Amino acid sequence: MAGPTRHHFTEALAQLEQRALGGLDLVCDSLTRTLEALEHQDVELAGLVIVDDDRLDGRYLEVHQGILSLLATQAPVATDLRTVAALLHVIKHVERMGDQCVNIAKLIPLSGHEPPVSAEILTVIERMGALARSQVIQSKRAFESRDVALAEDLVRQDEEINRLNRECFRLALDIGDDIDKREWAMHMILVARALERIGDNAVDVGEQVAFVVTGLFREFSDASHVPPG
Amino acid sequence: MTSLSPISNRRRRTNRLAKALLAGGTALALVPLAAIVYYLVSKGVGALSLHFFTSDPSGRFFGDAGGVRSAILGTIEIVGLATAIAVPFGIGVALYLVEYGKQRRFANAVRYFIDVMTGVPSIVFGLFIYIVLILTGEFGGFAGWKGSAALALLMMPIVTRSAEVVLNLVPAGLREAALALGAPRWRVIARIVLPTALPGLVTGSLLAIARGAGETTPLLFTATIVKATTFDLSSQMNSLPAQIFDDVRKAQNKLVDRAWGAALTLVVMILLLTLLARMISRRSRLA
Amino acid sequence: MIDPAPPAPAKSSMPTPRPSLPQTRNAEAASGSPRVASAAGHTVSLRGLDAFYSDHHVVRGVTLDFVANEVTAIIGPSGCGKTTMVRCINRMHEEVPGARAEGEVQLDELDIYGADVDVVAVRRAIGMVFQKPNPFPTMSISGNVAAGLRLSGTRGIDLEQRVEQALRAAGLWDEVSDRLDEPGAGLSGGQQQRLCIARTIAVEPEVILMDEPCSALDPIATLRIEELIDELKRRYTIVIVTHNMQQAARVADSTAFMLNGELIEHAPTQKIFTTPSDPRTEQYVTGKFG
């Protein structure tokens, strides 16, 4: 029997995976900046996040094109095929997460220069941001090491984010009558919602890890089963 | 600037020398052939006439010596019978070797003996028939069919050898295709193998016939030399080679001339057969 | 052909009387009635099949079911025994000097290696298409198609009609109907291979074995043959040996992977090419060796 073959293909696929997962690093950077901008009400930094999203969109197009040419020229099968299919999902989730960062960044200037803040809500939001960030990092590690257990662990963190999201909503309800404060709180609900979506996307990446390894696609947690908050 | 350099003069000279040597050798080999054809034609044509073909040798010392009709007809009869024996048997043996025997020990033994038989001098076949069929006295004396038997022994290995080659050329895929269609083996042979190999088989047989027709010695011991035309294969029978053999020993010019004429006739007959073989093999689909 | 077959593609629960194969064939041939293609086809089952060339053990204990009216592809590296295994199914393997096979090959319920089974009848029931198109060079196009019937000595049927039927089924009729008397060897490679398929289906087999039928053809001719295979599986059970994994993926319902004479994995084609269970299958289909 001959030794390993298809060096070129194997390398190309590995590189593609690296580029797609690298997208998660970009998301992480973007998220860090977004949270910082949020914390300091830094409109300039928020603007940078919005502009920088072009890099993520570019990465999406690049990986998408790479996947198409790999499918067309190399006809990958079995694990290779599953990896390629999963990468297509991963890069789509990367692009979505980037969009959520942009959504948050766009809210920052709307809150005015020195908004009336609720420390309670800010703490919750900060906690959510940290969780979302760690989820993105963990999803990348799980994919790189094809670690299904690590991927499944994402659900645990995601439940925490969901809980915080509901709490944020409750806190906003009880914010009081001050109209400026209510406006700010509503913006924070939207921010919490965007962070929660980033967490969901990280879980979806984790689901792709399980698909690559086992060949079976299953949802880790079904959103329709989450009790209304 | 390419690294290709022009042919050196030395290479040119060597090339020319080699070509000249080969051409010279070929020309040298053609000299005896041309000489034979020249002598045959120049000496033989004079003897040819309608009378030459339509009368038997008279045997008279004076006057008309007669033609070679009995010899021509005798050759055709003897060789015809020999062909009728040698070709079916020869092809049959080849079929066995190719289709059934393959590389079995017995088949290889048969192949070996056929090779040996191809190399046996023709006089041995004549002597063999002489001893077995004539000296024993059980089957009468000299007879045309005994000449045929001797020639058949001579021709059969040639037929088998050439047929085996041709049958082996029939692609194995055709046999497989036919077998896979649910054909019994004998039908595969009869309907696929033999028709496909037919042109080659005919060519091989014709070459064997040409070889047999030119043999003298087996006939001297078996059919002998007579004068009268006969269509009875159990009687003594004349033949062209034997007639030539007889005539050239005579001290009369007209008989020697008749020998030349007979030789030309024989060569033309064989030439025609060979041409026929060529034409058929050109139509062969197994080329 | 052997008894009314069961509705399910599973093996018939009604055992067929053993010698029935040759008899039904003769009866059918004599009556000359064109056979109505039944939807329920025929199953082939290998039970512990071993095959040898002299001392070489080339197929090792293969147990495999070929489902009726499905295309089963056999893949594997060169020399893995896939062609030999397929040649055991219609007993062509034993034509090679020194070759022998052990174990069982069942056509529906009949063991075709049984002592009272006529090998000629087996080969009529299980047709074969070879790697290289091999029309009979001495025969015309129609002669080639009718060859199987003539060679097996079938009498009393309308040859002309059978030839047309077979050529139509092989998708060749429109291309050759005006030159049926021309030599079959004058066709293009792809046409020759379809002629060989027509020749095979003219004898109305129950199973068709194909040994790399497209390896000598260009891509377009290959696709035509693949389309034809898809058509044919409505009437026949088809086994195809192929080196081209894309071809297996395109035409086969299920795919079997062989390695060193052993059957490694047999599963629905889609599974073999997305989530094979055996690491060796995975390695082979992804081109990690071979």
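Going in written order, the chains are labelled A, B and C, and every chain counts its residues from 1.
Operating definition for what follows: contacts are C-beta pairs under 8 Å (C-beta built on N, C-alpha and C of every residue); 3 or more make two chains touch, one makes a residue touch a chain.
Owing to the predicted nature of the structure, the values given are computational and were not obtained by experimental measurement.
Visitor: State the chain with the largest centre-to-centre distance from chain C, centres being mean CA positions.
Guide: A
Visitor: Mean of the CA atoms for each chain, then the mean for all of them together: which chain is nearest?
Guide: The chain sitting closest to the overall C-alpha centre is C.
Visitor: Quick one: report the Å distance separating chain A from chain B, using the average Cα coordinate of each chain.
Guide: Here the centre of chain B sits 93 Å away from the centre of chain A.
Visitor: Return the distance between the CA-based centres of chain B and chain C, expressed in whole Å.
Guide: The separation of the two C-alpha centroids amounts to 48 Å.
Visitor: Compute the distance, rounded to whole Å, between the mean C-alpha positions of chain A and chain C.
Guide: Roughly 53 Å, centre to centre.
Visitor: Which positions in chain A touch two or more other chains at once?
Guide: Touching at least two other chains: none.
Visitor: Any idea which chain B residues touch chain C in the complex?
Guide: 102-103, 171, 173-174, 176-184, 187-188, 191-192, 195-196, 198, 285-286
Visitor: Quick check: in the complex, which residue numbers of chain A touch chain C?
Guide: The contact residues of chain A facing chain C are 1-6, 9, 75-82, 214-216.
Visitor: If we count contacts the way the header does, which residues on chain C are in touch with chain A in the complex?
Guide: Residues in contact with chain A: 77, 245-246, 249, 272-276, 281-282, 285-290.
Visitor: Spell out the residues on chain C that touch chain B in their complex, using ranges where they run on.
Guide: Going through chain C, the ones touching chain B are 90, 92, 95, 97, 120-125, 127-128, 130, 132, 134, 136-138, 147-148, 150-153, 185, 196, 199-200, 203.
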